[in-house]
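Order of writing sets the labels: A, B, C, D, E and F. Residues in every chain begin at 1.
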């Protein structure tokens, strides 16, 4: 089991304005095939990635938000959202399109400390 | 003049700076700046205050893309890309706060 | 009205090129003229003919080429910025031309409004 | 004289972290050849572009700050710096490598209003 | 862990967020984040407060490039690229706050 | 120690590629191994052999190629990101290879530390 590492993907940018959210998701999907211990963290504007009701027809861009719902099928089930980031944006868990674990800032810091590899985009 | 903002006000200082400098005129929020037009976010008070002296618009396709069309603050008007063009044409000049 | 457009970021990475394109399309639909689109900084990367986005995604480069063809929009890529980033005639997409920074200043002089899209 | 337009180049980003400051300067130099009415504005982190004493050897990148001093030779003489931006960074006019006109936020806003073309990078 | 920051604290929220989340460990300021290490800037008080619980380092070549090596705040240590490598090696993991 | 490096931005536009290169050089000088540099997002643009920066500027692309040659550093360009942005074998600089995203995850698994450089 020594080959299993704890990977954390940290998402701090909103979707569509830049490609980071989409291409981060592509790495997450690939990582599932490697049987590592994968978690995703959403903080700052990254929490907007999980907002329900995205409709991208008007900007002629693909809506990739359904992919977050598909993560479970890849056994990527640990999604963490920082409480303070949600609150600052007037969002609650009900606004999010997937089930997440809400963490305080301090708990989020502890989660990061425990990882072997932290990838941010 | 028309000030065009494209950054989230909770990630970047662009909109805050624009509000400091622009005493009048119009602002258009596009791309990731549309988050500034939503109810309940931490920048809301700054926007409300600015609405007294500036006209603020939001690009609806960008707001819809981000799933927030039902959260638009009162006092901010919605435009589509055609409305964006009209705003540029109607103002003597424009500036993108990149 | 005559519009000039500046694009400062490459395709896909930032929304700038998408916003600029949708602005141009709307301006043309309203009967305005898009006199020139000037690609600067990483914006020059919009001009590579070698992109191949996923099937279910928009093709940003060919969309620009088509706009140039159908509406005689002048797509100018800054030569200095392009050399730094590896855009040359050999990988240039149809409808684009490489020229100097003076073409940007000229766009400011000749058009009624210059709109900048970037990061 | 109807061909003369008022051009304002707005600099809001610090140097070296990104190329915007350097490539903005390249446009400014070219614009001088077109006999337009050219001004430069520096606000937010853009004021750092004018900081004296830049030494780029350690990052193996060209120090382009001397070019700001050369602008005068191209008849680009109107450089405006926002007072609030300087103050927030603990800088004064003495820290800058060229002579500038310091404007309040409101004066900077008025300057922008008066332009025909505003270029920002 | 080592937190790597590369954005100016007066333009972008990265450093502020890192200080909110990281209760201990080390921070390295590189690229445009080196401005946060300078005396007299509006973010200084936040840095001073953080120095009580976090070790803060600045990448000297980046500070020199920006003409601010003589403004370094007390309590922040200078490293070169070799020192950057040592910091990464000495910490169990690292995170870039992009 | 074995290092993995991720570069998320293209050459010149952002300092990310410069910082990553100087980090790699310092690590090698200290006797560490740079096991792989993975180029993702606009980072794939570091791999174009068509850049031609001004004479008085650093050549970011050829600097990477030289590092690969002299120190056997594995420079991997993400194929999906590269196709989106127009990087292919026909404009690939020496020392780089195009491969899948799995190479990034593998770098996370196989190295002692993974350091990300971006915007």
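By our rule, a residue touches a chain if its C-beta (ideal position, glycine included) is under 8 Å from a C-beta of that chain, and two chains touch if they have at least 3 such contacts.
Bear in mind the structure is a predicted one, so any value in this text is a computation, not a measurement.
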Hop count on the shortest chain-contact route linking chain A and chain E comes to 1
If you check the contacts of chain A and chain D, which chains show up for both? B, C, E, F
Out of A-C and B-E, which chain pair has the most contact pairs? A-C
Centre-of-Cα separation between chain C and chain B, whole angstrom: 24
For chain D and chain F, let me know how many angstrom lie between their CA-based centres, rounded off. 33
Centroid from C-alpha atoms only, then distance chain B to chain F, rounded to Å. What do you get? 38
Chain D residues counted as touching two or more neighbouring chains: 13, 16-20, 44, 59, 61, 116-118, 120-121
Multi-chain contacts only, two chains or more: what residues does chain C have there? 8, 12-13, 15, 22, 41, 57, 80, 116, 118-119
By the touch definition above, chain E meets two or more other chains at residues 6, 10-11, 13, 31-32, 61, 80, 93-96, 98
Among all the chains shown, which pairs meet the touch rule set out at the top? A-B, A-C, A-E, A-F, B-C, B-D, B-E, C-D, C-F, D-E, D-F, E-F
Which stretch or stretches of chain E touch chain B in the complex? 10-13
Under the definition above, what is the set of chain B residues touching chain D in their complex? 1, 13-14, 17, 20-23, 25, 93-98
Chain A to chain B touching residues, read off their complex: 13-18, 44-45, 48, 51-59, 61, 63, 65, 88-91
The chain C residues in contact with chain A across the complex are 12-15, 18, 22, 56-58, 119
Quick one: which bits of chain C touch chain F in the complex? Just the residue numbers, please. 10-13, 41-42, 45, 48-54, 57, 61, 80, 83-88, 90-91
